[in-house]
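Some structures are shown below for you to check.
Two complexes follow with subunit A in common, the first pairing it with subunit B and the second with subunit C.
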Partner chain A sequence: MSRRAFVARRIAQAVLVIWLSYTLVFAVLFVLPGNPIRDKITNPLNPLPESVVRPLIEYYDLDLTLVEQYLVTLGRTFTGDLGYSLVSGIPVTELLAQGLSETLALAALALLFSVLLALGIALTAVFFPVAAVRSVVRALPAVFLSTPSFLVGFVLLVVFSFQLGWVSSIRDQGLVSYVLPALTLAIAVNAPIAQVLIQGLSRARGEPFVTVLKAKGVPPATIAGRHILKNGSIPALTLTALTVGDLLAGATIVETIFNRTGIGLITEQAVREQDTPVVMAIVVLVSTLFVVINLFTDLVYPVIDPRISLRAAAAPRRVRRRVAIG
Partner chain B sequence: MNPTTPTIRRRHRLAAAASTILLLAAAACSAGAASDDTEDAAASDEPVRGGELVYLDAEIPISALIQEQGTWQDRALFWNLTDRLVYRNAETGEFEPWIAESWEVSDDGLRYDFVIRDGVTYSDGTPVDAQSVARNLTRQVYGDEAKGLAKNYAFPDAAEITADPATRTVTVVLTQPWAPLLGALTGWAAGLLADSVLELTREEQSDYTNLVGSGPFTVESVEYGKAYVLTRRDGYAWAPQSSPNQGEAHLDTVTITPVQEDSVRLGTLRSGQAHLLRYVQPSEERALADDGYTVVARSGVGLANQWPLRQNAWPGDDPDVRKALQLAVDREQIIEDLYTENWSAATSVVSPGTLGYTDLSAEIGYDPQRAATLLDEAGFSERDADGYRVRDGRRLSLKTYVDVFDNTAKALFQHIQAQFKDLGVELVIDETDYSSYGQTVNADPEVNFTRTGWPHPDPAHGLWNVFSSARADSLKLEGADPQLDALLDAGLHAPSTDAEAAALAETQRYLLENALTIPILNDTQVYVGAPDVHGFTLSDGGLPEYQRAWLDAG
Partner chain C sequence: MTTADLAVPTTTRFRLRQISVVEWLALVVVALLVVAVIAPGLLTSYDPLAPDPAAILQSPSAAHPFGTDYLGRDLLSRVVHGTVRTMVGSAVAVVIGLGLGTVLGLVAAYFGGLVDAVISRIVDVLLSIPGLLLSMVVVVALGFGALNAAIAVGVSSVAVFTRLMRSETLTVTGLPFVEASHHLGGTRRQVLIRHVFPNSYSAVLSLTALQFGLAILWISSLSFLGYGAPPPEPEWGLLVAEGREYVVSSPWLVVIPGLAITVSVLSISRVSQFVKERVL
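And then the complex of A and B:
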């Protein structure tokens, strides 16, 4: 299969995935009880009469049937009109732009920290000369995995903001404000990458080409850094792409603790209030992000490992994922 | 407790573990704060001009659509950005002139003439004159259907509103008396807005940066979910008469920052990064007070927190059972175990200080013996294996959902669950998530009650809206109690304040003598200020009044 045909097929698949997620979430939101406008009537604390709320229900097309509402919103989404938040009246595009710029910066830094942490852990766990240190470091990913983000984030806040006063817990101070949340997020998501990298490196280390390299007198550092790492990192790369999902999910908790108004916080608010236009836009955004990153990863494999062809790219990934999870 | 929409504290369980760490860590910071307080006290009499106050709330303000009531966080902004025609003195409960320098009400309660104070302007420079007030009132009464804007539900459905610029008079003529009108005019949703706002679309009006009022602060900037910065309005000189500050606000700016996580909010205050917060657990309230922080609390005028008993769900239709439940709640014990001295037991369906308030604590006071006798007489003398009372093999059991709007609700409900159990009554407490709460509790036919009761600008309107079969019908009577409906209507359409008060007294008695609802506590708003915050007060409804506050110099 040519590269172009492969990309075209994958893009078609991607559009299908995005449309299916959109439709599914729309149907679920419609079926679930609760929407911010009708809640004004049923809220036991401050019930508004139906007559007062009726203009709002009509304004937001909430009096239409499921199919009518679906077609109207899908049509608008296609033309780029994401509408307004039912709750705050803010244009959805504005909310997303604010959230994305915030979260992308956070996620990028967190991803960088994750990869660095994972590399550091894996290289130490596989190559460090002292066995005791290797086994302690090997256990680190499990420790990270079982430590809740809110606790890590909170401890960092207590120490660096409340005690030392180095950063504000509420004000934005530029790059420095991203460090603690990114570190919290990195600790939460780097563990699987580190574990897979440890496995990959251990396996690659035992392969015959390593013996050949040793016999040729290549220095151990070069073997580890150039040859083993490259061979052992493919599964970790797949996992890193999948980590984007974890980063977005983790951002919800981390952004809450560090008071950052990114996609995580906007998602949390929108889901809590069942703010349909915002939730739908986030679904489209996140599913697009996901498929694009996975497509990108598939295209990058052959660059790292020439043994992988695009034709084979889809099938082995499944195997690798299983390795990654196991 | 939070009286309105979004203030859910779902994470406090998670945070409980974390707050232990915080408490240890905060000990050092707070020691410093407490010792400073004694020095501040001497210097705090004379207000200091300047300063940037940082206030933390648990939730994000949502929408500047003022006449649609907003959430608690919105109301706190409305209160400081706009002025209203009438002010209710929080201490005396009396109406005071504000933007209306005087008013007259006809004897039949159908005509109101308001004389508008001269010289008041909106922050865009346009005058707050009779015509502008008339346009505002028209919108309060009718909304703006073309723009999808709801009306203010505390106003009557129709009124003829005219302005006479020569006498600076606005006249409101009603077709039927509407006793809550003056009260509604004191409410957060009745803030006056400049024409430039009224011309905008619904979405544009939702944006705080477009809100133009005549209040002591204006909006400087909004970063959604992060910071809402208010700046002092230059030239402000029309505070209500009773305000100790008749001029401009002392503070340069007020920054409202939503911090969702309880322990982060607390840590931020304790580490000196903020001056003021709302929404603390009662246990934290005590610790903060001990460390020199000022706790400012108010039970707002309006309805008390209560459980209206639905009569379409067994055994809510049995008056003896209802009475027994009403007598089985030991409110003082609840306050002792769960709250602080800033909270108080409900003594009626409205809170003390509210128009027409009648102390009915003798009617609803804790009396477990009488409660047990009533249940025995109602046929619930047998007990099942779990110790619950049964009649004809059916366990005396009630169901409710935890109120999602109150951070203390779960503990409160569980406490009453234990008290009911002592009497042999089972209380099943269910939980649902924030967004589906309203519709779930409304649709579930087994629910016996849901919590209601909040500050309200007018008690007759508040009670009517909750209990009338024409409105929320919280008792699910569907008109089966015409006497109750008549009492509620009498309060609503009373031709004078005295007549409204008299109807209210009768309504309270009727609701409680017939045990139609179980009052629990008086709704209380609790704010905590750092030792350098002074002069901070709360409105009649428990909203912050930043115009009066100041910070220590430096």
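And then the complex of A and C:
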């Protein structure tokens, strides 16, 4: 398969998955007995003013059949119109734009922390001279995976904000305020990366080229840092790209704990209020991000690792998202 | 109850010396969880729902080993009585994921072609949405509540089970004995149920133990956010959510239920690993 055909096929696949996920979420949220959207809009407990209620009902075309509603909504999505919040009447795009920069900053810092943590854990678990330390550090990812992120968040909050007073829990201090939430998020998502990295490094260390390097007199630190790390970290790299979805999902809990107004908090409120258009937009956004990043890693793979030919990459490689707690 | 089945055979069939300290601890925790599910009264004498105005927000002491909450309810009792809710919820979630996932994976792999393509695309889609977010979508559709949260987590884990079952079935279907069974006159359905299924199931079972632990985490996250069991239920995630208002003065209200989750998930996965390696 030529490179161009391969790229075209993968892009088509990605578009298909995004469209299907849109359809699936629509099916789950809108195809319910009764008329949940109308009920929600006209609910007496809903604080919407009367002037907003009527246009909203008209906008959602609730008299049409479901298939027609689906087609209308899908068409609007293509033009960048994600509908309106059923609780506040604000356009969903506006709502998401408010939280996006906050959450992207949080997720970026958390991703950086995750990579550093995973690297630190894996290098210590594989190369540290004392065996006892190695086995303790090796068990860390399992502990991280088993710990709910709200526990981590509250412990960090109590220790660093309330006991030591290093970071204010209320005032916004710029970058400093991101450190604790990002660390909480990083502890939640770095474990699978660390586990795969430990496996990769252990495997790469046993390969014949390491013996050759040793025989040539290359210092052990250079072997570990330059050769084993390069060879053993490729699967972990793929996994890191795929954790972006988990970062955004984890932001729901982290932003709730640290009271940060990003996408996570918007998600939490939208689910609580059963604000379907907002929930739908967020899920489709996260799914799209995941698919695009996955596509990008697939296309870049042969560049990072010349051993992987396009032919091998063209075979449908299932996205791996398995973790091990043990 | 899965945990009960896991805990029983280990000590009788193996020399105790082979069991490490960590494994002993995990076994003890799992045994405690089983007791807390079957007979919570053995571990604590307090009523988990009874307020005590004389003992509000007390720190851990001999009378209240885990302290008391803002209504004076004994936290130990609430954690112990909450175990059954968490475990039943996770069991429901795993049964849903395992059941649906097994059928879909088996069907996809065995029939192949269009059926496989359709199921595989659905799996791709489900995997492109993080599990916690997917379960929130299902919660929006179903409404809040302990059972709905469990169903949501179960539905969200269908894709993982389907994918594994599919790949395991594909491996087994390619083996010579399956072809032999066909030649001996077995119908497709007979071969699938009698031969392919039992031979491809062990990997799926070990995934089940892992998913049980993850289900505990997800369900408690959902109830922490307020989508699961309603107050005053002593569900673990809800205990943390209720304790967060008092986290400054009474951090144990958050830390102890949180640690209960961590220790349980770790122990259950450790014991299941142990059972897989030494018993099965």
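Heads up, the rule we're going with is that the second predicted complex is superposed on the first by the 277 of 326 C-alpha atoms of A that agree within 3 Å, B and C clash if a C-alpha of one lies under 4 Å from a C-alpha of the other, contacts with A are read in each partner's own complex, and residues count from 1 in each chain.
As a working rule, contacts are C-beta pairs under 8 Å (C-beta built on N, C-alpha and C of every residue); 3 or more make two chains touch, one makes a residue touch a chain.
Values in this document were obtained by computation on a predicted structure and should not be read as measured data.
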item	value
Touched partner set for A:T256, first subunit B, second subunit C, both or neither	both
First (subunit B), second (subunit C), both or neither touched by A:L95	first
Which superposed partner A:F296 touches (first subunit B, second subunit C, both, neither)	neither
Partner chain in contact with A:W166 - subunit B first, subunit C second, else both or neither	neither
Which superposed partner A:F209 touches (first subunit B, second subunit C, both, neither)	neither
Which of subunit B and subunit C A:V25 touches, first, second, both or neither	second
Partner chain(s) touched by A:L157 [first = subunit B, second = subunit C, both, neither]	both
Subunit B versus subunit C as contact partner of A:D246, first or second or both or neither	second
Subunit A residues contacted in one complex by subunit B, in the other by subunit C	32, 148, 150-151, 154-155, 157-158, 162, 256-257, 271-272, 274
List of subunit A residues in touch with subunit C within their complex	16-18, 20-21, 24-25, 28-29, 32, 142-143, 145-151, 154-155, 157-158, 162, 245-246, 248-250, 252-253, 256-257, 267-268, 270-272, 274, 276, 279, 282-283, 286-287, 290-291, 294, 318-319, 321-326
Touching residues (chain side subunit A, partner subunit B) in the complex	32-36, 38-39, 41-49, 51-53, 55-56, 58-60, 84, 87-91, 95, 98, 148, 150-151, 154-155, 157-159, 161-163, 165, 168-172, 256-257, 259-261, 265-266, 269, 271-274
Residue numbers on subunit B that touch subunit A, as the complex places them	3-6, 8, 11, 14-15, 17-18, 21-22, 25-26, 28-29, 54, 56, 60, 62-63, 65, 69, 143, 145, 148-151, 153, 157, 202-207, 223-227, 257-261, 263-264, 267-268, 270-271, 273-274, 403, 405, 433-443, 450-454, 465-466, 471-472, 474
Subunit A partner contacts - residues on subunit C that touch it in the complex	121-122, 124-134, 136-141, 143, 160, 163, 207, 210, 213-214, 217, 220-221, 224-227, 237, 240, 244, 247-248, 251, 254-255, 258-259, 261-262, 265-266, 269-270, 272-273
